[in-house]
Amino acid sequence: MFYHVKELQYRAKPERPDPVYAKKLQEILGGQFGEISVAMQYLFQGWNTSRGLEKYRDLLMDMGTEELAHIEMLSTMIARLLDKAPVKDQEHAAKNPVMEAIMGGMNPQHAIVSGLGAMPADSVGNRWTADYIIASGNLLADFRANLNAESQGRLQAVRLYEMTDDRGVKDMLSWLIARDTAHQNQWMAAIAELEAQEGRVVPNTFPRELQKQEVAYAFMNLSAGEESSAGRWASGKSMDSMGVFQYVQQPVPFAKKPTIPPAPPSLHNTPPMLR
Amino acid sequence: MFYHVKELQYRAKPERPDPVYAKKLQEILGGQFGEISVAMQYLFQGWNTSRGLEKYRDLLMDMGTEELAHIEMLSTMIARLLDKAPVKDQEHAAKNPVMEAIMGGMNPQHAIVSGLGAMPADSVGNRWTADYIIASGNLLADFRANLNAESQGRLQAVRLYEMTDDRGVKDMLSWLIARDTAHQNQWMAAIAELEAQEGRVVPNTFPRELQKQEVAYAFMNLSAGEESSAGRWASGKSMDSMGVFQYVQQPVPFAKKPTIPPAPPSLHNTPPMLR
Amino acid sequence: MFYHVKELQYRAKPERPDPVYAKKLQEILGGQFGEISVAMQYLFQGWNTSRGLEKYRDLLMDMGTEELAHIEMLSTMIARLLDKAPVKDQEHAAKNPVMEAIMGGMNPQHAIVSGLGAMPADSVGNRWTADYIIASGNLLADFRANLNAESQGRLQAVRLYEMTDDRGVKDMLSWLIARDTAHQNQWMAAIAELEAQEGRVVPNTFPRELQKQEVAYAFMNLSAGEESSAGRWASGKSMDSMGVFQYVQQPVPFAKKPTIPPAPPSLHNTPPMLR
Amino acid sequence: MFYHVKELQYRAKPERPDPVYAKKLQEILGGQFGEISVAMQYLFQGWNTSRGLEKYRDLLMDMGTEELAHIEMLSTMIARLLDKAPVKDQEHAAKNPVMEAIMGGMNPQHAIVSGLGAMPADSVGNRWTADYIIASGNLLADFRANLNAESQGRLQAVRLYEMTDDRGVKDMLSWLIARDTAHQNQWMAAIAELEAQEGRVVPNTFPRELQKQEVAYAFMNLSAGEESSAGRWASGKSMDSMGVFQYVQQPVPFAKKPTIPPAPPSLHNTPPMLR
Amino acid sequence: MFYHVKELQYRAKPERPDPVYAKKLQEILGGQFGEISVAMQYLFQGWNTSRGLEKYRDLLMDMGTEELAHIEMLSTMIARLLDKAPVKDQEHAAKNPVMEAIMGGMNPQHAIVSGLGAMPADSVGNRWTADYIIASGNLLADFRANLNAESQGRLQAVRLYEMTDDRGVKDMLSWLIARDTAHQNQWMAAIAELEAQEGRVVPNTFPRELQKQEVAYAFMNLSAGEESSAGRWASGKSMDSMGVFQYVQQPVPFAKKPTIPPAPPSLHNTPPMLR
Amino acid sequence: MFYHVKELQYRAKPERPDPVYAKKLQEILGGQFGEISVAMQYLFQGWNTSRGLEKYRDLLMDMGTEELAHIEMLSTMIARLLDKAPVKDQEHAAKNPVMEAIMGGMNPQHAIVSGLGAMPADSVGNRWTADYIIASGNLLADFRANLNAESQGRLQAVRLYEMTDDRGVKDMLSWLIARDTAHQNQWMAAIAELEAQEGRVVPNTFPRELQKQEVAYAFMNLSAGEESSAGRWASGKSMDSMGVFQYVQQPVPFAKKPTIPPAPPSLHNTPPMLR
């Protein structure tokens, strides 16, 4: 169960309105790696974590609850950036280059659909979708998803930091960027803990002998040229310490040409005897 | 540019048809972490990798090209599992419990839409979407996405392995599971290489002093109860070696209640003076 | 069964082309509350209305059929607004600020995909989806959906009216806005009729004693601060006349901490005994 | 900013596992009118509410925060219903009709993707999308959307109540159904308050004389047959008290056949002079 | 502008309810090639057809209007097939194998969401999307899309015809299948007319000398094995009579390895100088 | 199984960067008829083609493999067009009209999300979806889909050719346009071959007498006005040579008004006896 206080976790106040930037900032609110994604991802992972794993469950609920506060901060910032956006008469704007530039660069839905409010959408207007998130029941797998989300999220926040010189916006982003630093570190710590217990390959509980061991550490050089042989992944002990990397210079097929059986006549596929 | 040979990378032949299982197997062909996702993700990352990073580009193209072969193997397997599926007369099936069970458990689109062929969709019929993939231009971020994809993918393949006793299916899955082991190891190796050069926080090129340092290693205990204080993420040196984890037991807001400025009258929002 | 006449229900002729505005106008053609949505929503509700409810079915078919005419008017208007859009040489446009402004503000798909025709999409290019509509079989619920659709639709049309000074566009919008006035009134009338017969809570046929009566009129103050206690919803007789509103100042949980049972080993979730 | 406590708002404990029902229950978690939809809808509306409207903002934050607790209750219930789901060997299940029925009726993603956890998806597996929600800046419009959401939501919860005889599930649903009763009443109260101040047509701030008044209260009989003339919407004073309903028995077009201007040659549309 | 009559274009009455088949039949109502797709596709093409092309515009409006009647027939049929569907108590159904089979095979949304009405969705529950349709402004291109739609649509209707022995359903399908025959023939006729005037390659108005002529009739043998050399497409005069097919046995790249320039530092991509 | 070489099939090098055009060019990479669509469509059709149809399978694999090379060319071109895009400080750009125009016309995700790389999305940012493709098992139907895809694809490429005067871009497009010419011709040839064997109506294997023959060649004049009677489709021998086109001037319904049976009370639809 949740409680809300009206104060923001951190301030979200731009120096001045900037509706073009508001459109861009939507990316880290409602985009693939925006705050809605991490909030929903951590909460669903938390709710699905079973007994015996309480500290991970608590970790997930702590972070998911924080991300709700970040959604709130970004929604507030976007609404404020949209203040005084020129939304009325196209005609007059066209005569004023600054107005025109702003109107051209705004997301029209910020005027027509949301009335200058933030939207659950990305910087080009794609609505947020749960296709973006994952909660698998395997925490090591999921924490890797989380580390990726915080990495992509911080990268996008940093890019947006560089795209403005509004000190208010930069101030808020410096908070979110710091929290992404914390979260990357925290997921790395949680991953290290799980890997120490379970081993590094997900899932670790599947009997190794049931996989086709002869290719479990092989690298297939399927793009002509061998630049890839220079990497750590191409030779030496494998990262899970259970094998040795091999570089297969000229990978060949292990199987024959397949044939597909014809469908029954009632499906009216093209019949196989056709000549 | 690509070339195709008709032989499969590895055999994809079930012992017997099983249209109910074919539906499930769609998950690792066309689902969020299916083979289409990894193929497209690695190829787009590769094409977007700039000069000076040739070995990573080659790595990505090698792996992306292999994943195309895995799409092919799964498509072949699914088409063969659909062989002899009962697709004709509902009425007669209903009298035969086995037939009926099969028809009830099949994906109806395997008959109506694809004519017993594989589909670019997941195990409940959601079509594949590029919402699933990521290529950011930052390789450390993206390799973390790749490690996650191989982790989730192997987890799903292992679950599917447990759901059948068809030796042909298990044989093919033992190949894919082994390749996922290799790929997890290889992405871990590539990540280790990049982290050694760049540092562990993505992106490493953003000046640390520009982030709000005081919260860059703090853990916010926002879900009542302190089970989360027991983890590695709650105390000690941070994983990037640049800070020390702090556990904030009672996090409070840093900012005041926000207010949102009213929109101009031309948007016909609810007016603010309303009493 | 339907018949079409080529005349428009009302004229849809702009004074002059305006491809930037054409992009915006797409919102009320193919957006969440555009004319495609109301047409499809009313028609599906009508087709699903069962016998004994003929006057509602006829109402729905009357209105759904009218909305098809509105799709037609908007498609026509958009195609005309796109007339003479500068679609050829980027280079030359860049030298002419007006041309450039137009090209920058146009939807590029209006040139590349539809050849200056209207599209079944919103003002940022999201394709129309049946996710937008509802037909539940319960007419009181659905008429509330319809009242909402006409409210949002009129709001958006009014906003678009304010964004142009083309008298032809305004003329057409003044028609659509009036029809939305009529439709809002008509759905309110239909709702009043059904509420008078059925009661105001949807569905009215569920035995009241089967719901947890003690919280059926309570308001939970879960966001700190009690501004919400000042509303009609916080005290007095409930709107269905069956209860009295109560304001719960400090809502507490009614249940204990949940625990989730561990999944079977064959799913390879993180095992619960992990320490 | 939000805080979480681990206790549930109300208990969510089934008498026994039922993975087939778990699939169905997903509808009111992650479907069009599930708890994710109302939580996100109310929170976005709240964050976008401007100053001078504090009591409505608080109302929205109170309710949105409660809906987060309902997401949590449903996620918990679904995970518990999935306990002991038969997820292993297809073959053995096929020999046991009960097992087989369960496996056939389960959502396969509950095993393959979420490891027996709840998913942000509906009862057929469509992922939740922000296409479902609305926050327009006009509170009367949005409260109508909210009343609809609570009406559709309660209807679906009641239908699900009828589809089980598990007393634990019914107990939790009796809570949610009661809360939907409360919320329907509360939105009706808030709507009544706003209508009393603003008038009943959304938006009320648009000058009435700018709409095409002659059709602002007309009903168009576009589906043959006049059953619809029997309704309250067809005659008498309009619901906004500003007009009188008229029933137009034989509606005719008000405009001429439109023609669309040909596109410029550079678009390579079919040329108009074609004979 | 449209008018509706309540009579169906053709009868849509099953011999008996069959909710499992109702789910399947959704495919040709709301699937990729269902009746919603053809209706919307033809209407949008029609509305976008410019002056000088009146007979094609009329053709499109005639057919689009007919498809609206087919949506209506299928909606009616599906609602009738859902009659008497067992939607109540899961428990009791489980004891009755027939009931259980039906409940397992039904689309749960037919009960929970639509109240036994038809839905704008396909046979696995994916909602209809305008991603399915096309209206490009080039009629020859679009009529090819239409011929494809009628081909896929008839194929799916025929498959569904084979999956039932309900004489009422078969009767209705025999109508739709016949209409698809007519429409395939009619689009072929329209295509022949346009090809006779314009030539066969779309668009015909682009100067041939501006394309890379040396590969405009070449076939690239990029999948090992030369089975494809046996087809009409591999040798002889081209279908547009403007060239001669050539079979390139061993296609080679025409260009060098590309390199991608590094992004500016402000994007924080992986830097190119990394070693 | 696939192999990759690093050389491009054809060069993809612009004369100069142009981030606004890069956004537009995304349409033929990741749009409905972009190269991802044809690659995936042909490959899935190929993998699903059954034995006895080897030359068609090879044809599909040859072409699908070529389209992978086109994805690569377009990704490369887009990344190069994005070179030197102004992505940093909004403020400074606003003072420079050229910079500002570029920033306004760019896709913001090219900076924030992909780091100046190509994306699997169309020209307005909609992500690619497998909703765009088809593989039915009936080759005549599918080859018609393919002919349409190459027609729409060439049309879009030609429009994009007209929208730039960059000689490098035009050079690459002249290659793709030529390949689309080849592919249109090749699909026409394959269609001719199949029609010669099977007949022209898809599917040809369904007994003609089972369709409602009396309307199998009729044209329904459902849009007032008889312009459509002037076409080849309205009279004369049908294209399949099996019938004669008839023009039905005043089509009437063949069936009565339908009624829908009421749903059972447990669904809580509006009850039918309501007066």
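Residue numbering begins at 1 within each chain, and the chains themselves are lettered A, B, C, D, E and F in the order written.
Basically, contacts are C-beta pairs under 8 Å (C-beta built on N, C-alpha and C of every residue); 3 or more make two chains touch, one makes a residue touch a chain.
A quick note: this is a predicted structure, and the numbers were derived from the prediction, not measured.
Enquirer: On the document's contact criterion, could you list the chains that touch subunit C and likewise touch subunit D?
Expert: Shared contacts of subunit C and subunit D: A, B, E, F.
Enquirer: Cα superposition of subunit B onto subunit C: how big is the rotation, rounded to the nearest 5°?
Expert: Rotation angle, to the nearest 5: 180 degrees.
Enquirer: More than half overlap in residue numbers between the two sides of the subunit A-subunit C interface, or less? Answer same or different.
Expert: Since fewer than half of the residue numbers are used by both chains, the interface counts as different.
Enquirer: Using Cα averages as centroids, what's the distance between subunit B and subunit E in whole Å?
Expert: From the centre of subunit B to the centre of subunit E is 29 Å.
Enquirer: Could you tell me the distance, in whole angstrom, between the mean C-alpha positions of subunit A and subunit E?
Expert: Taking the average C-alpha coordinate of subunit A and of subunit E, the gap between them is 33 Å.
Enquirer: Among the residues of subunit D, pick out those that touch two or more other chains and give their numbers.
Expert: 1-9, 32, 47-48, 50, 56, 58, 61-62, 64-65, 69, 76, 79, 87-88, 97, 104, 111, 113, 115-117, 124-127, 129, 131, 136-138, 140, 155, 158-159, 162-163, 203, 206, 222-223, 225, 253, 260-261, 263, 266-269
Enquirer: Contact residues on subunit C for subunit F in the complex?
Expert: Within the complex, subunit C contacts subunit F at residues 1-6, 47-53, 56, 87-91, 94, 97, 100, 103-104, 107-109, 111-113, 115, 124-127, 136-140, 194, 197-198, 203, 205-206.
Enquirer: For a test of understanding, state which residues of subunit B touch subunit A in their complex under the given definition.
Expert: Residues in contact with subunit A: 5-13, 32-33, 46, 54-59, 61-66, 69, 76, 79-80, 83-84, 87-88, 111, 115-117, 129, 131-132, 134, 136, 138, 140-141, 144-145, 147-148, 151-152, 154-155, 158, 161, 170, 174-175, 177-179, 181-182, 184-190, 192-193, 200-203, 206, 210-223, 225-228, 230-233, 238-240, 243, 245, 251, 253-258, 260-261, 263-264, 266-269.
Enquirer: If we count contacts the way the header does, which residues on subunit C are in touch with subunit A in the complex?
Expert: 18, 20-21, 23-24, 27, 31-32, 97-98, 101, 104-105, 122-126, 156, 159-160, 162-165, 222-225, 253, 259-263, 265, 267-275
Enquirer: Quick one: which bits of subunit D touch subunit A in the complex? Just the residue numbers, please.
Expert: Contacts found on subunit D: 1-9, 30, 36, 40, 43-44, 47-48, 50, 58, 61-62, 64-65, 68-69, 71-72, 75-76, 79, 113-121, 127-131, 133, 135-138.
Enquirer: Could you list, by residue number, the parts of subunit D that touch subunit F in their complex?
Expert: The contact residues of subunit D facing subunit F are 155, 158-159, 162-163, 266-268.
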